[in-house]
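These notes open a run of structures that come right after.
Both of the next two complexes hold subunit A, though its partner changes from subunit B to subunit C.
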Partner chain A sequence: MANAQQNYFELFGLEPNFFIDKKDLSSKLKRLLQSAHPDRHTQGGSQQQMLAMQKTTRLNDAFAVLKDPVKRAQYLLQLVKNIDTTQDHTVNDAEFLMQQLELREELDTITKQKNASELMSFADKIEAMAEQQEAELGRLFEHEPWDLDALKISIYKLQFLHKTLRDIELAEDTLLD
Partner chain B sequence: MAYSEKVIDHYENPRNVGSFEKDDTTVGTGMVGAPACGDVMKLQIKVNEQGIIEDAKFKTYGCGSAIASSSLVTEWVKGKTVDEAQAIKNTDIAEELALPPVKIHCSVLAEDAIKAAVKDFKERSQK
Partner chain C sequence: MALLQISEPGQSTRAHHHRLAAGIDLGTTNSLIATVRSGEAATLPDPEGRHTLPSVVHYKSDGEVVVGHEAKSRQAVEPGNVISSIKRLLGRGLADMDKIKEFSANTLVESDSGMPGVVLNNGIQKNPVEVSSDILRALASRAEEALGGELGGVVITVPAYFDEAQRQATKDSAQLAGLKVLRLLNEPTAAAVAYGLDSGSEGIHAIYDLGGGTFDISILRLEKGVFEVLATGGDSALGGDDFDRAIGQYLVEQAKVDSDDRRAHQLAMIKAREVKEALTDTDSVEVNFFDWQGEMSRAQIEEIIAPIVDKTLLSCRRTLKDAGVKVDEVDKVVMVGGSTRVPLVREKVEQYFKVPPLTDIDPDKVVAIGAAIQANVLIGNKSDDDMLLLDVIPLSLGVETMGGLCEKIIPRNTPIPIAKAQEFTTFKDGQTAMAIHVVQGERELVEDCRSLARFELRGIPPMVAGAARIRVTYQLDADGLLQVMAEETTSGVKTDITVKPSYGLNDEQITDMLKSSFSHAEGDMEARMLREQKVEAARVIEAVSAALNENGKELLNDEEYAAIQSALEQLNETAQGDSAKAIEDALEYVEKSTNEFANRRMDASIAKALVGHEVDEIDEI
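Let's look at the complex of A and B:
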């Protein structure tokens, strides 16, 4: 049985890498969860069942991190360079932030007008921007030695875009009600 | 999470929401953001010839505490000199709004926003 010291990538039999096949990751999770299921360990007594439960939790934690490009990038930087990019801090890239503010304003307007088709095309636009940002992040990780400052900036830009995507989901819920 | 009454008051009746023309040389604009929560804050000051802040406006996309922090700061800076405004501490904001520890970063964001606005004003008025 794998020990708790394995990092999230190792849990899934992967090398630490930003590039991940999400379908492969999902099917591996399914398989690993099945073999770690507490019901399969009833013979081993409560100790074994406890371990199986811990394994399940750790697998789910690992999956949540690895499937998300922001969390995966942050985890990778922590793992390889011991750099924590998850702390609250302020960024002041005025041009980028102004663009983000304008996008949120645009979303506000669309939501107020209850314009579902506008909301769809706005969602497409932001998704395309997020994809582009994720691709840039991937290019930066491919380029060794890593440009740490550029990586940090690329991660936080993706975080703002993801926040807008979450806001879009909320707007979709209100429009559909 | 329970917000304090002051946070709710600023959240429900935000003071000074809006914008000034950012190319105006009497205006300073501070743009800051917090990647972890995705909050974006714009804080603007309008400064007269004596270096006193005559008016302030903000626009914040974020949680109630971030909105309240920036709303409070726009109230506080009016009538202050730019240097006095720059001396505003996040701890004062957090104390006034009774922010819980997990929301302290919202007050930090507001402090950073007013500092950025003063810096922008000083840079542009020197030109």
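Let's look at the complex of A and C:
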């Protein structure tokens, strides 16, 4: 079933949906890999090993997309509405743009001060914001017909918060050095 | 080629004979080989009862190659003809050699493969792949003598932190030694297997592996026989040798020897090791070094080595973060590598993880034992086992972009196998070729990353600038080895790729080296090839027929079914003849004809894995 014709949701026996039980997804991945993984095919010929590698690759890919709320939302919009939200980043939400600037400045200041505890509490704040944003994204997906513009903005906001979290990690690394 | 041979879980297909497989720990200072016999994994000793084989090779002027203890004993007599610690050079370039001090007795030169060549006093020149393959050959023949048969395959362990070039060089060494590599396995994962299967334990495990020259930390989740590596990290240039170096430095300072005296420094290292080992069991020791005489206490050397141990804990912290695991979620800590015998290491690790580290399996043997268990599964001796290892790529993979920057395409700690596709276009009218430089590492600048290979794409159909769409796919297999494919998507033309590994051999060079070792027996070779092709043809005919019987009617339409049957008949006929080449062609044709069938069969079996278990779960409720 790591079938090239199946979409990522189908690979895991799921309906296309934003709501996903991560534990269930992870245990399904392991079951699928028990059958698909190249280590299960070492006694087959090269054709079989090649197929096993390709199918496992696809399963790993699908899992990476489905477990991440931003990638999952983008994939869902592409799949159902044929809308690509991975390239287009123009958002006309002045309030959010302002907030974005402020958050970046705050991170810059903390990084320059090399203040570890401030950095931690900043990380906590962003994490809480990301959680809220993910919940909002969920609400938007629940509400049919989908408000596509609102969805796009919401995905973008969540993406920004995730990127900020990654930058916080980088800042943490430099603090450690 | 073969079609899927699906066996139902818990039910073995046929009683096939036990096949010989071994796990090899190819270490910097010592190597080991282990195997599973009557369900028990153990390392194999030499006739003198010694389990470890020093990774030291003596090349005699008459061409004789001596590996192990005897070679090590020659080191004091003729250091210029003996090579040790070759693992540090494996997959490395001459430019990396500054840090490597072990080779002071040998001269290093650049060879055309970009690999350093080690030149011995007697004029013999060897590259790291050749030296490693001599060590592997010595281990394999030990196993074959002990087990009384040819090895069907081996699992070789590598430090988790090894980059792609180092992994490829390890695999090349095995190929040169005539060994079939079932899998390259990360050392910490191997240790986890040895411990995990022993105790049947579940939960989050941290594997702390401090060897002579490398440090690895891996965080794994164990669940129902699945070993899932969550993250791996470490330092490929940090190890117990650094303890010796730091203590040696102290001795040199105390004895006030000339800081340029290289021999004194070497002696200091040896003395330092003695002091370190003595202080594992006692609290203080009497030391004589040149004109200096004194007493060294454990507390004293602990103060000297503490910064090095702290550095390993910093790596642990980062790797835990990468794994998304908090320190107090770690259930067990496993100690691997001889350097974890140092009491301070155990203390600090316990303090950090807040659990007493596990040390019950000999830290020198645990890796080989884990590799043997995995080899036994992969060779098919334990087909109904649920054990599965899911590993990750240790270092991010990237490509060079404008201005010498590195664009990451696969981030570190991504589960493998994995593939990423990238689209390029031409920037000149009629451009038919382009080059891609693949690097590995976490830094932004290409020059700070490890160069893996340069790929040259040729045969792009000439178009106006920017019109071509070249889709390049980077595929990392389950061994962490890279393969690159490219296609021009508007025309569907597959472009040719020439790979030039930055520090290693290309396929041709390996084939040449293999051929030169066989060349004197060409007639034998042909007869052997014909025999092998006939065996393969018989195997394929049996496997495909069985597959057709099982679900051919279900998965194929009449036309597809007939096409496969006719390909089989053709193969059957050709296999009666005497042309190895004709049989090879017929085999290839069968492979082509059955590709889609094999694909559908695999899909069906994977689908079953999902559905089958769901039924089980309902039953349980």
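As a convention for this text, the second predicted complex is superposed on the first by the 169 of 177 C-alpha atoms of A that agree within 3 Å, B and C clash if a C-alpha of one lies under 4 Å from a C-alpha of the other, contacts with A are read in each partner's own complex, and residues count from 1 in each chain.
Everything below uses one rule, namely that a contact is a pair of C-beta atoms (placed from the backbone, for glycine too) under 8 Å apart; a residue touches a chain by one contact, two chains touch by 3 or more.
All figures in this text were calculated on a predicted structure; none of them were measured in a lab.
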Between subunit B and subunit C, more extensive residue contact with subunit A: C
Touching partner for A:34 - first (subunit B), second (subunit C), both, neither: second
Which of subunit B and subunit C A:116 touches, first, second, both or neither: neither
Partner chain(s) touched by A:155 [first = subunit B, second = subunit C, both, neither]: first
Partner chain in contact with A:80 - subunit B first, subunit C second, else both or neither: neither
First, second, both or neither for A:170, with subunit B first and subunit C second: neither
Contacts of A:92 with subunit B and subunit C, given as first, second, both or neither: first
Subunit B versus subunit C as contact partner of A:135, first or second or both or neither: neither
List of subunit A residues in touch with subunit B within their complex: 86-94, 97-98, 100-101, 104, 155-156, 159-160, 162-164, 166
Complex contact set, residues of subunit B against subunit A: 29-38, 40, 42, 59, 61, 105, 108-109, 112, 116
Residue ranges of subunit C touching subunit A (in the complex, touch as defined): 1-5, 153, 182-183, 223-224, 226, 228, 314, 317-318, 321, 377-380, 386, 388-390, 414-419, 475, 477-478, 540, 591, 594-595, 598-599, 602-611, 613-614
Subunit A residues touching subunit C - in the complex, by the definition given at the top: 1-3, 12-13, 28, 30-48, 51-53, 55-57, 60-61, 63-64, 169, 172-173, 176
